[in-house]
Structures are given as C-alpha cells and as structure tokens.
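One chain, subunit A, appears in both complexes that follow, with subunit B as partner in the first and subunit C in the second.
Now for the complex of A and B:
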C-alpha cells in the first residue's frame, strides 16, 4: 500500500487546520497500582506540558494503555480522530496546532533544548528502566507485582517475563545492562549536573517562561523524588536530592500547574520488611517520612565528590547530542 | 441389502496362497467405492473363482446360516492384542452370512478408527480343521501397521483462505493407538498455526473415549474488524462416542488461551481500546448428531449440533456462549435436493469483573455464511470496522441440482452442483436480558432482518471442503452493511 504515508500526511495536514477538539483525552496506566517509574515520569511530563500550554485534558486510566498506544508506549493522547503517543510526538503535534511553548526561542536555544531533551531521554529514562528491571530487589518486590497486577495468574508472570526480556535487550544494546548501580547513579549525577548548571539562577530553563524541557525535567524529577525506593537503590533519590535547583524547579512547576502542595521528599528510605504494596501507594503523598540518608548513600556521596571532572564530560556529552 | 449374488459355498479355497496377489486388487476396488454398502459384489469379484458353466443363482444370504469360528488378525507388530480383541469380538455374534458381512464391515471401520493401520483387508472363508463346525466361517483381517513416524506437506482450504500444512505424526506409539502429531500451517493471508497434540484413545469398552491434549499457537489477521489476533493456548478434549462409529458424539473440552489483540493502524477506537492481552479459561461442551449421508452434498438426513461454552474459570474473560447449528436435507426427486440450514448463537456476560473481548463476539456474513455480504459484513459496525454482536441467527434454504445434461456423470461431474438459495439472518448487540419483555427480545426476528437470494455453482473438494461461486441479489439490508454481488467462497463450514 504505497499511499499510506501520503494519506497520513494529508490527514495530518487537514488535522492541523481543524480547531481544537476539546477536551483532549490522555490515556495512561493506573497510577496507584500499575504504573512503573519510567512510564510515570513520561505521563507526568505530558500532563505538565499540556497544563503549561493551557489545554484542557482528561486523564483516562486504562490497564491496557500500553497496548492501545499506536507506538506501544505510554502515554498517548486522543485528540479528535488523532492518536499521538510519547512526549516528543505530542509536543510536535501540539505545536502543529499552533500552541507551542518554544516558538519564541532563538535557533541556538532551540538546539540547546533539543540537546537537553535527548540528554534526559537517554540518561534519566534508561536509569529508571535500569532501576525497575535490572536491580533484582526492586524487580522482585516492586516492578513485577505492579506490572503484573492487572493480569490474572499465570498471564502476569508471562507478561512480566516478556517485558523484562524486552527491556533487558534494549538496555544491553545501549550498554546500560552491564553497568553497576554506582555507575548508573554516576550517569544520573552527570545529567543532573548539566541540567542544574543550565538552570542556575533562572526560574525556568530558558528564561521566565516554561518550555517543553521544563515539562520533561519536571516529570522525571518529580517521579524520581516522590517514588519510594528500596534501600538498594535509594542512592537514586539521594543523588537527585543534592541538586537543590532542580528540586526547587520541580516544586515551582508543581505548585503553579498542578495546584498541589509540594510533596517532594528527598532521600526516602523504606525498610525492606515494613514495606508493602499499600504503604507504597499511600506514602507517595506523605511528608513525614523524611529519613536521614543511610550510610550507603553517604559513602556514595563521597565517592561522587571525588569526580570533579564530571562537568567537562557532561559538556562533551551535550555536544555529541547536538550533533546527533 | 436384500439379495445379492453369492458364490457356491461348497468350493473351499486355500486362503493365503493363491489369493495373495489378488489382495491388492481387492483393496483397490474397496477403496474406490467403499461408501457403497453393496460390498459383497467386490468380494465376489476379488476372490478367485472357478469358471462355472451354469449361471450363478441368486441366493438369499439371510437364509445362509453361518457361525464365526475364528477371527484371524494378520500383520500385527506392535499393536497390543487387547485393543484389537475389543474391536473384533462382535464378529462372534453373527448368525447368518449377511450378518457376517455387515459386522465385518463395521469392525473394519472400527479398526480403521483406531488410527494404527494403513490398509485393512477382510477375508471370509469356510472354517476347516478338526474343530470346525458345519456352518463355520473364519474371518481374517489383514492389516498393515503404520510406520513409526509419518509426515507430509499438503495444502488446505478453510475459512476463505488457502494454506500449506507441514505435518508430522507418530502413530501408535505404545501399541494402543496413542499418537503424537505436529502441524504447522501457513496461510496466504499471513495467518499461521502451530499445534502439537497427543491423542490417547480408550477403546476397550462400548463407549469410545478419545482424550486429546494439544498446545497451539495461531495468528490471524482480521482486516474486516481491524485487528490481528494471536492465540497461544492449551486444549484438553475428551470425545465420547458410542461404539466408535455412532451418530451421536459428545465432546468435553477445556481451553486455556492467552489471546493478544493488536489493533491495526487506522482502526476505530472501539476496537483499539480492546487491544492487549487477555486470558480465557473455558469449559466447552459440543453435542452433535449427524445422520447425513455426506458432508458436503448430502441428499438426506440431518445434522444437529449444540455448543455451550462457559468462560471464566480463572482468567479475565467471562461469558456463557451457546450456539446451535442445524441442517436438514430432503430429496423429493433424483435431481432436486432441498437443504435447510439454521444457525444461531447467544453470548452473555457473567459478571462485571470479567470482560468480553471483541474476539469472543459473533460475526455474520461471508461467501459461505450469509451470502451476499462481505466477510463480517453484516451487523454492528463502528467507523467501517465490524465489531460483532452478542446474538445472531441465520437461515438458508438451498435447492441443489446436478449439472444440466450431466456431463462427466459418475466421475468429475459429480463434484459439481448448481444451487439456488435464499438466506437471511440478523446479528445485533442488544445486551440480552431475560427479565425484559419477550417481545423485546424477539425483535431480532423482525427488526433489521437481512435477506439475500442468489444462485451459483458449488463444488466439493476432497469431500471435506467446498467451493462456491455465486451471483447474489440483496433483498433486505441495512445501510452500514457491506454487500457483494459476486462471491467466491472456499471453506469447510457452510450455512
């Protein structure tokens, strides 16, 4: 069928001329019992972006959102007859409709923004996948029960296994699978350093108005700081918690656009034996559980402080992304 | 049967020496025409005979008393004696010669049904030796066992699709009819089907039980509904049949299937929102009475089949599904056969926690189903995709005649029939409730009934499948239906 692409393009063009079909529907997995860290971050990013654009939307939780999505990834939005999935295509779809947050940026800033977005997608997303699917403790006690929660036995085990294989394969190709946890935290630290440096002294990444980068970073930082990690991977939130600018930025977006009290708590550590499925769900909203950093994470901090040359490598990374 | 010609009984022959080369010839005859029950004719032709001067006189076989003294089974290698014995014991109940022949035929069918033997020959001879009775006969079944492993590549047509099948099977593994078979088929519409099944027959009592366990994986593309379905599952089937060849058959099945529906690109959201994996765990009962004289072009007899399926024993799919199929044939004249076919089905949910997926729904339409409509072309639709319904009925009345002037009579020409038909039906989605008014429920027989009429030519393929080429005129239809004026259909099941 040679004319599929053509008809798609025509449909897209025609769609661009149509007025906004209101409201937009955002499909995502169930937040309380099903969604996993990487998906949660992406869903939050899209929600933040839509709110920043001032678009009305309606969240539709579906257990099979991942399978409904045209690309197989969540979230996706239904806008009239159109289905658009994932953050980047959603952003370009919305800008084709005329509401863009990055329209006024100069060419250099735009290129920078693309570079930072790739940085986040290449580092934070992979780190989240790693924590969920490679770290054995998290995999067994959190990821598998949550991912399989919407399917009956024995389908849950089969689908968990399939998904694990799929993610492992992907991380292997990207060279993340064989990393140690410390290396992963190191990558996250690099990424955050670059982001925090860009943010230095400003409200948003590009001046006083938010852009899609702000939405994306908000989504990831919020997901990473509010998710209670197991002791084995609590270094993740500890790593992020040291970047005060990013936490502040996240808090600001949260209060401005989500009209919620900031519930970002840094360095939460849950003891393995007291943790259950329920405490997980309920504790995301609690402020009280501010635990001091554990000895492990202190050791980690010291280890990371030795690497002073991180910033340079980060800049190098950025340049590569710009070229890419 | 009545009277047939028989040989003089006073000419005993030495079995196994002179007649061996004739065996093959007899088998050939037998295979060619074994549907006919006038079986003794061939028996007579096959046996060596002395030229007789006087014309053979008609003999009433029912008056020729006979007693089966011995039954021999030749050619058993690894098949165990007990299952073969259980099949042939009824030979000893024969009272007269006709009875012997009828029972021999029946036993041959039973031995064939064991699935252990390739060819089965039957000899009836007078009994000799010291313990022979005056009216005694000896019956010899010459069997040849199948090889340990068999395989083949063949083509098949089914459900409007041609496919190639690569199969291998190991018959009679432990000597009691157990077999293992594997099959892989690939269709021209990129559907694939892999199945491995183990079959264990229990044939030693009057009730034949066949237990089949199979694992399968199928992929089907359904462009009319806009999705692709992948099934992977396990099926346990217990078939019950009186005597192995009776007309009443029961099947009890358990099926556990993991279904994955992937929506195609341009599909309505109604279908898309049902994509994803689901697990069906269901019990099914199939009861079938088949008294037709042929599968594809029957001239007399009828078929009644009930299917009840209860899903929801585990898994996340829950429903009760009932289906009824009926076919009745009547031939008032040699050249005219009327056939009435009726199908109906009802699908009900059992609880709100259990879903019903689009692939559990009923669909109507197709060249061998409700003729005149495209595949799944009748019934509820959403943005051009057929979404199926939960209750349907379809009725078809055919009139079959042989080809005019009977070209290729008794050979190639008998594969064809001309037929004229009128068929109708309805499929809706009315979330059937029994507490509602009956007239409300019966609206399916009055509102939006589809009806088409037409004529065409039908052909049988290998006595299992049929091909139809039809020209159809629609009489009653609904705006959203997809109609077709010319239809070519190939399939195993037909309305």
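Now for the complex of A and C:
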C-alpha cells in the first residue's frame, strides 16, 4: 500500500501548525494581456473563495506564474512557507487552517458538492481548453498572441507549441479532442442544466451560505460570459446565457464579494475584458501584437459607443486588483 | 415490435457478466430497465466501428458508446430513471463525471500500468481472451493508452511512483465519499436501482472482484463495507446464475486445490503409512525377542523324537 493518505495527513498537520501569515499572496498571470480563459476562470474562483472566507489577500501578477507554481498550473497562493496551487488544494489547505465554508454541510451534501465540483472542473474547464487550444480561429487570433505575449521572439512560438501539444494530448486522452464545436457546446449545456437544476431558485447551491462550489461556478460563469473574443466563445456564453439562474447567481456573487456593478446581461455581448485590454494597450502602447486582436474582436462584436463608462469600471477594476 | 437488441461485449469472469467497465455499465443498465438483450461475448474489438466494445446492434443501427446506447434505450421506452426528479438527474450527471475523473485513471493504473498486475494477471488474461493474431496487439495497445493517459494527466510529474500516489489518493478519497453518500441505503436513490447505481457498480465491481496480485486500491474498497455489500447485492440480484456459477467454481477450485496441496505435501501417503507400520512392528518384535521379554519355546525335540521311531520301525520292518 503506498502511503498516500499518510503523506496527505502529514502535509495537513504541518499546515495546521503554522500560524496564519498575513496577508496571503496570490500569484497569477497578468490579467489584462496574458491570461487565458481557463486560467482566468480558476483565478477568479480562488479570489472569490478567499473573499467568501473573509481572508485578506494580495494579487501578485507575474508573467511566469505558471513556471513558479509547484504544480505548473495557476493560480497559486503563498502562505508563510507554503506554496499551494490550484483550486482544490487551496480549499483544503485553508480548511486545515480552520476556515472552511462547507464545514456545516452534512456528509451527503459534502459528497454531492464534490461531485458538482468535479462536473465543473471537467466539463467547463475542458470546454475552455478546447476553445482556446483546439478551435483554430481562437488559437491563431487570441490564444497564441496572448500566451506568447510575455516572451521574446523565438521563445514565444516554442512555448506556444509546447503548451499546445500538452493540452491537445490531454484533451485527446479525455476524448474531447475529436469533438466538434457543437458537441462541446452540447456538453456545456448539459453541465449548465445540471447546475441550474441544483440551484433550483435558491440563492446558493447549498442553502443560504456560499460554499466552494459557488466560488468555482462564479469563476467559470463570470470568465465565460465576460470574455468575448470570437464567435466560438460567444457561442458558449450564449449557451450559458440561456440559464437565467446561473447568471443571477454570478451577478449576486459579483456584487456581494467583488463590490462592482455586474456587466453581465443576457443576449448582449460583453465588452468588459476587451475594453480593459484596449485601455491598457493605449496607456502603455507597448503591445503591438495585441492590436489586430482587439480590432478583430471589436469588428466581431459590433462595439458600441459608450466606452467611457466601461473604461472607468475597468480602471477601477485594475485598481481594485492591485489593492486586493 | 420484433426488434432484437444484440450486444457485443468483453466476456465475463470473476463472477461478473463482463470484465470491461463500459460493457458492464450497459449490461447492468439493461437489467435495471428490463431491456431484452442478446449478448455475444465476442472479445474482439477489431470488428467494431471505433475499435471499442460494447457495440449494440439493432436492425440497421449500430451504436458503440455508453451515452448513445442509454439514449437509444430511452427512445425505445426502456429506462431505469423514471422516478427521478430533475435534481436527482443532475446528480447522476455530476457523479458520473466525478467517477470518470477520479476512479477511471486509478482503474487504468491498476489494470495496465502497475507492472505486477499487468505481467502476472492482466496481460495473460487478455492474451487468452482475444482471438489469435489480435492477442499480440491489443494488450500492448491498451497499456500504451493507459501510460499515455498518466503522462498527459500529470505532465509535470516525472516519477511513476509520484503519479501512482496521486492517482490512488484521488481514488481513495472518491471511494470514501461514495461510501458516505450511500450510507445504509439499498441503492443511491432509495429502494430502486437507477442509472447512477449502474454506473457506480460498473466502476467498483471489476476492482472488487478481480483477483489482482497487487491489491493496494482493492483493499481500500474492501474496507468500505457498505460499498462491498452494494456490489454483492446487485451481482446476486441481477446476475444470480453467473454469480452462483462462479461461487461454485471457486469452491470446487479451492477444494481441489486443498486436496492437491495435501497430496503434494505427502505424495505416497498410504504406502508410507503402511511401511511405517511394518517397520515399527518389526522393530518392536525384534527388540522384544532379542532382549528376551518374549520367549518362543521350541517344540522341535518332540518333533525330532517322532521320526526316528518311524525310521526305526521302518528299519525293523525292512529288516
């Protein structure tokens, strides 16, 4: 018998002995010009979870966050001597310190919650990866420029190629690579139906208090509905947009924990992220590679003219992220 | 309707109707929902549309994925989920993905990547089950697929033992969750079996029943007694023939083995006992005689006395 559970227990014991180091530092890629859809969703989920727990944290954007992380995936938090990466380990690490959102739940509810977390982690994350790395239009016009934006010339192509290989291999093994875009939307729809059924008109998934599932679902729904790059992503956000309950849930978490006006609305394409990109690019003027992308997406999205108010929100967002 | 459903599957063993997870899922689901199936244990993934069993043939339709087949059954009005609420259906979807995420990699690991299991048990089993030229090809292919899966799921881990630990720990946590979720109930949603039970059974039963040489994960499952009972209950209720036949065969096997063992230990038991008896008797009698505890009196004198008389008489007569 390999000593799996023993090593888990030891890690937990060690974690529990340490006092709370304040504040927690959350490392992630640059939100404006670098981060990709799946990573963005995960980062948002972790941020939401930390906020729901009422913990102070600082966002530390790093261009090489992916390579700093112990598991090679973002985001990760630094908490005293510990580096913990990804949503699930972060949640269990924080609960070993005594603040958990799901401690009150019964055994059955806890098992159900794990099952739904698996559902989101599999279906939504794989769909996001698929759109980013398999869908050719998005891959060429969004993913590659963004993922390679922080590396110098030959390296950006090399790393893009490496990452693409890694992701395609994984999607192939999981049986997602050979799906068509419509099949992927179908999977997303099934997942959203299941989540909406579980929500059943309640405020949160399990009773009146948020749990880690709420944070995770918020992260993904928010990222998917506010990142309109190309028709493939728009198709996905339109699919999600049909589930009014999920949109409401997302909006609620947004206003309660992120203290900003939600810009999610159904049937309209959201310009939040594109805007922030635009404003960022204008202010720095250093990322030429992104210009064609923004223009493309603007054309695609028939950008409306009231940019000013949105830009303001975006600047506020940026400030908030820096302050935490 | 005079349709007949034909299902090509991997053959069964160890008291299960099929050793393969997906085939098992369909077989159990069909039993739950009462679909009349004609089962062909072909063991031949070569003559299938996508190189994978199970394959359902019904008239002109040929389906080969669990999802399509269950959807097809539902279209034909065979379903096990009629009593579920939409919320419970959502749970079925959620648990299905959880099992696929947590337990499937572990099963693949136990079956194909674990060297001891693969060499001593899995590879010989499949080599025997598959028809002649294919048996050189498929076990290796499945092994490569499983290794590929481990590499792509844990791209940053170089050591196979680290991957093993991670995979087993995920699976164990998941088994524990399932065990608490089931509690003391008969099935996951009360007294009637549903498609969720079919799914969970198909993941757990092979792991529980296969006589694996390296039973690390199996032992954890055996420790979750309610899950063991759950699997046994479904086996006995829905596949009583296969189950009993296997039990009988196993009992016979063990009796034969015990007999053979004792024979092996003392190959000429009867002869040795007899010889030992003879030897002991001879030794004791010899000792008794030599020390004079028992004396044999000779009556030779009288015997010797007799004939001379006759001889004398004869002599006198002659004379």
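As a convention for this text, the second predicted complex is superposed on the first by the 247 of 324 C-alpha atoms of A that agree within 3 Å, B and C clash if a C-alpha of one lies under 4 Å from a C-alpha of the other, contacts with A are read in each partner's own complex, and residues count from 1 in each chain.
The criterion applied here is as follows: a contact is a pair of C-beta atoms (placed from the backbone, for glycine too) under 8 Å apart; a residue touches a chain by one contact, two chains touch by 3 or more.
Owing to the predicted nature of the structure, the values given are computational and were not obtained by experimental measurement.
K.L.:
Of the partners subunit B and subunit C, which touch A:107 in the superposed model: first, second, both, neither?
P.N.:
A:107 contacts subunit C only, not subunit B.
K.L.:
Once the two complexes are aligned on chain A, which partner has more residues of subunit A within touching range, subunit B or subunit C?
P.N.:
Subunit A has more residues touched by C than by the other partner.
K.L.:
Of the partners subunit B and subunit C, which touch A:180 in the superposed model: first, second, both, neither?
P.N.:
A:180 contacts neither subunit B nor subunit C.
K.L.:
For A:67, is the partner it touches subunit B (first), subunit C (second), both, or none of the two (neither)?
P.N.:
Once the two structures are laid over each other on A, A:67 reaches subunit B alone.
K.L.:
If we overlay the two complexes on their shared chain A, which of subunit B and subunit C does A:136 touch? Say first, second, both or neither.
P.N.:
It touches nothing on subunit B or subunit C.
K.L.:
Indicate the residue numbers of subunit A shared between its subunit B interface and its subunit C interface, in ascending order.
P.N.:
Shared contact residues on subunit A: 4.
K.L.:
Okay, in this complex, where on subunit C does subunit A touch?
P.N.:
86-87, 89-91, 93-95, 97-98, 100-102, 148-149, 151-153, 155-156, 161, 164-165, 168-169, 172, 174, 177-178, 180-181, 183, 216, 219
K.L.:
Considering only the defined contacts, which subunit A positions touch subunit B in the complex?
P.N.:
Checking each residue of subunit A against subunit B gives 4, 62-64, 66-68, 70, 78, 83, 151-155, 158-159.
K.L.:
Give the list of subunit B residues in touch with subunit A in this complex.
P.N.:
On the subunit B side, the touching residues are 258, 260-263, 265, 269, 272-273, 275-279, 314-316.
K.L.:
Using the touch rule from the top, collect the residues of subunit A that touch subunit C in their complex.
P.N.:
By the definition above, subunit A touches subunit C via 1-5, 7-8, 71-72, 107-108, 110-112, 114-116, 118-119, 121-123, 166, 169-170, 172-173, 190-191, 193-195, 197-198, 200.
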